[in-house]
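Next come the structures, one after another.
Common to both upcoming complexes is chain A, partnered first by chain B, then by chain C.
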Partner chain A sequence: MRITREFHASMTWLHTWLGIALGGVLFAVFWMGTLTVFHLEINRWMMPETRVTLDVDAPLDPVVLPRLAELELDSTTNVSIARPSERSPLVGLFVFGGESRHRLYLDPSTGKEVTRTKTFGASDFFYPFHYSLHISPLGLGYWIVGLAAVSMLVLTITGIFIHRKIFREFFTFRPKKMLRRSMLDLHNLTAVVALPFHILFPLSGILIFALLYFPNAMTSAFDGDREAYLKAMTGYHTPEASGKPGPLPASLDALVARAEANWTERDGQPARADYLRILNAGDADAAVMVQHAFPERQVAMTRGNMLFDAGTGAVLNDFTPLPVHTTLSWIKGAHFVRVDSWALRWLFFLGGLAGSVMIASGLLFWMQARIRKFHEPRGVRVVRALTIGTVTGMVFATAAFMVANRLLPLDAAGLGLDRAYLEVVVFFGAWIVAFVHAGVRGRKAWREQCWAIAAAALLAPCLNWLTTGDDPLAAIGAGQWAIASIDLVLLLSAIGAVLAARRLDTAPVPSREPRRARPAVEPAAAE
Partner chain B sequence: MDWLAAGWLALAVALSVPGMALLALSQTQHWRKVGTTRSSPRAARPLGWSLTLAALAVCILRDGMSLAALIWPMLVAASAVTVALTLAFVPGALRPLARAVEG
Partner chain C sequence: MNALQNPYATRAGRILFALFGGYFLTAGYISAVAVALSALGLARSEAASLGLMTGMIVYVTIVLWVAATPRPLRLAAGIAVAAIGLHLGATLLTAGGS
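And now, the complex of A and B:
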């Protein structure tokens, strides 16, 4: 198939306009996704009470059962228990449905409740931002992100067609040339070297929400019976409640041990249960589901669950995913990267950063290609302000969010909001300020916001050391590698932001109009 | 700290970065920055591929096929970016490698 000039031009047109239309959303998804790789570690940073190394294999019964005995449980109450892990050291106890509603975090050794700093942290702010942009009405956020993911695939393919010298320029980066050239080099470099990543992630992202976009698969295969679908595909099944009250299970640890033995034998490698659910907790027919959601040495997730009768311990259901389910789980697992591999997590973090740089440099290149020395159309100025606000503005807002986390007092409240929401107000406030600043300052806003990012990224670790005493050496001494790493990455980001600001400061201004734009400029210059 | 895993990873990096560097140097525009001859030696490209594929073998030995399928392409990408930045800012760092291939 020959790539004619017309085909190349149409690929360029599609790539350009799709990139401009969705570049902002794509940057948000990539940036928040990059942060989400380490969402559990960022949680530790934002909630200093959780910077502890605890005995994550301590028995659950002495911790959980006394708590549950204190609560009012009825036939419709469900209890969710998150077992602690190295990355998430506290036992999570969530009670919902029925009369009560509780969220407790407990020390796994002593059972004492740990009062965490009131914050959404990375898990409840960055993570949902990544997959839904926090736009909940009608689930619109999921659809916008889905559209962005599909566009990303189109952008990647059209990009391959456009970039004629894909092998010749594989290692090419010319930072000292005009900004337009070096931005295009950077865009091509970050796009081409991580091409498998840029295809895997949007594709796996779409597959994760596939049933949201294509519910007909479930509707037609199971005649719309959601219960039947869930039981067949995930093993989730809530047995009928008898309506009569009943006691709590005698031992959760015994059920966990039986489930783990079952999975260890099935898989030939040690298995550890991650989540438990007590269904119809106060009922005589209560059941306990033990889940193997995040295997440590496998990429695929959700490797099975077992349902036990709470009273007799009889096995009500033993679910193992089918082979086709396993394939899908591998693809989704590649996206979630819950497998226990620090190498993979860091490499995907770098991949996400590369993707963010790819999008930002693409937008910057497009802007530079449209600079006119004498006459700047209003449309270009508006698009530039929106672009700057979305790219450097969002990074600045993120740094401001973390600074606010360290500055706000523990009992802060105001505007009718509690501390967690106040941090979110700071994020969106800083973001809005960035848009306004970009609108007012025009071209200069890029480097000024880079300086602002550098300042905030330097302030955050300093505030961490001041407010918690966990400077990197102390943190490493206490075994808190995550905290030291985050502070180090923040410092490196500050340096990177300074280098970017300086590069943008000294960018040579084009002395001639870009060749393509010349015909449009002549009439204006003649005025 | 799993020293064995760290060692395998270090070995994989030690193979893929020079592997990518050799593939870059096998291209004339990059060779001209550090090499003394007009065009790069014929051995550069096969040697570069060999080192890169050796890194794949190390990744598979370290983590098995499933994880290596995800780790190795990213390692290659990171190595390629490292080489590109080296060529852009400190090309002299690749001179020893160029000498070794010439000889």
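And now, the complex of A and C:
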């Protein structure tokens, strides 16, 4: 297949159209996704009570079983237990279904409940924003993100067809040229440097929600039997409840030990169970599911899932994915990057940042190219305001969210909302203000919002030091590297925002003279 | 210039057909692969996984093809026929097998 001019032209307009239509959504998904790499660390920043180093391998039974004994459990109650880890030091105990509904975080050594600051944190705000845009009616947010993901794959491949000099573009960045030229350079550079990410992430993202987007994989191969599908693909299986009451399992630790021994023998490397579920908890036929969802030294996820009868300890189900499915689990696991490697996490964080910069610079380039071509065409004010609000506006709103987390009193409430929702109000309020500001201030809004981001990104760590006493040296001294790193990244972001603001201040403005009268532009750009 | 010659309309049309028609065909492809491989003896979870992973390649290829082809109406018809065929085939195979 030859690359003809017509083919090249079709790849170009396809890239432009999809980029404009979905660039805003893609920026949101990439930005929130980048933050989500470190969602557990950001949680600790936003909930200072969790900035502790605890004995995460302490036995579960003395912590969990007494709590469960106090609760009313019946045949439809399910209990979900998140084992603590270095990144998330508290035991999570969630009870739902039936009469009870509880969400407790317990110290793994003492079993005492830890009252966390009321916030959604990164896990319940940034993370769901990333995959569903917080648009829940009819699951519309999931579908919009899915559409953006497919488009991202198409955008990457059309991008490769358009920009053929891939190797040269690694080394081309002319920051002092016209904004349009340097934006295109930046767009190509960030695209080419992180090219494997730009293909892997949308692909794996779609596959993670495959059952939602392509339920026919289930309806066809499994005859519509959702239970059979879930059991074959994830090991999830809820046995029939007998309806008669029964006691709690005698020991969760014993079951965990048996599951871990099973997996360690199978994989030849130490396995640590991470999640447990007690299904039909109050029932005589209750079952305990022990999961190995995120292996520490493997990229593939969902490596094991064992189901035990709660009373007798008999093994009801022992799930291990088959080879092709393991490949699928690898692709999905690469997206989650829960493998225990700080190097990989930082690499993916930088990849996400590169992707965010790629999308933003692409939108900026397109806008500048249109302005140059049509000299303030109709609607450019609206397009510019939307672009600024989406890019710098969202980054500013994120910084404002973290500032609000430090400023709001612990018992804050107002407008009929509790503290966690008030932080979210600050986020969306700051975002709306950014849109309005961009509409009013026009071109100047870019640098003004960069200054605003710098101010907020500087304020957040200062407030952290003031309100918790954890300045970077103190944090490192207490072993809280995550907190020190976040503060340092915030400071670096502030510096980056200042540099961007100053660059935008001095950007050469496209000439407004008619094209005919202008002398030959940028001879160097003709290469 | 009438609506059919307007480049904005034709491009928008191609993109919409590529995304939605491509989705419909990909879904049919996934069903067909999952059912066919299961019928040939592969474990159902394996067949479904293989269908899903390769389905993404199919989807992206369709989108690029619809955008690039000099004969969009002919391709659209072909995609529609193929999609319906795949869905029907998968349904018949499932019904026949059970």
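By definition in this document, the second predicted complex is superposed on the first by the 503 of 527 C-alpha atoms of A that agree within 3 Å, B and C clash if a C-alpha of one lies under 4 Å from a C-alpha of the other, contacts with A are read in each partner's own complex, and residues count from 1 in each chain.
Operating definition for what follows: contacts are C-beta pairs under 8 Å (C-beta built on N, C-alpha and C of every residue); 3 or more make two chains touch, one makes a residue touch a chain.
No experiment lies behind these values; they were computed from the predicted model shown.
Chemist: Of the partners chain B and chain C, which touch A:G352 in the superposed model: first, second, both, neither?
Modeler: neither
Chemist: A:V193 in the overlay: touching chain B, chain C, both, or neither? Say first, second, both or neither.
Modeler: In the superposed model, A:V193 contacts chain B only, not chain C.
Chemist: Which of the two partners, first being chain B and second being chain C, lies in contact with A:L344: first, second, both, or neither?
Modeler: first
Chemist: Is it chain B or chain C that touches the larger share of residues in chain A?
Modeler: Comparing chain B with chain C, the partner touching more chain A residues is C.
Chemist: Taking the superposition as given, does A:V299 touch the first partner, chain B, the second, chain C, both, or neither?
Modeler: first
Chemist: What is the contact status of A:W330 with respect to chain B (first) and chain C (second): first, second, both, or neither?
Modeler: Touch status of A:W330: first partner only.
Chemist: Is A:V150 touching anything from chain B or chain C once the two structures are fitted on A? First, second, both or neither.
Modeler: second
Chemist: After lining up the shared chain so the two structures overlap, which partner does A:G121 touch, if you call chain B first and chain C second: first, second, both or neither?
Modeler: After superposition on chain A, A:G121 lies in contact with neither partner.
Chemist: For A:L18, select first, second, both or neither according to whether it touches chain B, chain C, the two together, or no partner.
Modeler: second
Chemist: Considering the complex alone, what residue numbers of chain A touch chain B?
Modeler: Those residues of chain A that touch chain B are 168, 170-175, 189-190, 193-194, 196-197, 298-299, 330, 334, 339, 341, 343-344, 347-348, 350-351, 354.
Chemist: Can you list the residues on chain A that touch chain C in the complex?
Modeler: Residues 6-7, 10-11, 13-14, 17-18, 147, 150-151, 153-154, 157-158, 203, 206-207, 210, 214, 216-223, 228-229, 232-233, 321-325, 327-328, 331.
Chemist: Enumerate the contact residues on chain C facing chain A in the complex.
Modeler: 11-12, 15, 19, 23, 26-28, 30-32, 34-35, 38, 43-53, 55-56, 59-60, 63-64, 67-68, 70, 90-91, 94, 98
Chemist: Residues of chain B touching chain A in their complex?
Modeler: On the chain B side, the touching residues are 5, 9, 20, 23-24, 27, 29-30, 63, 66-67, 70-71, 73-78, 80-81, 83-85, 87-89.
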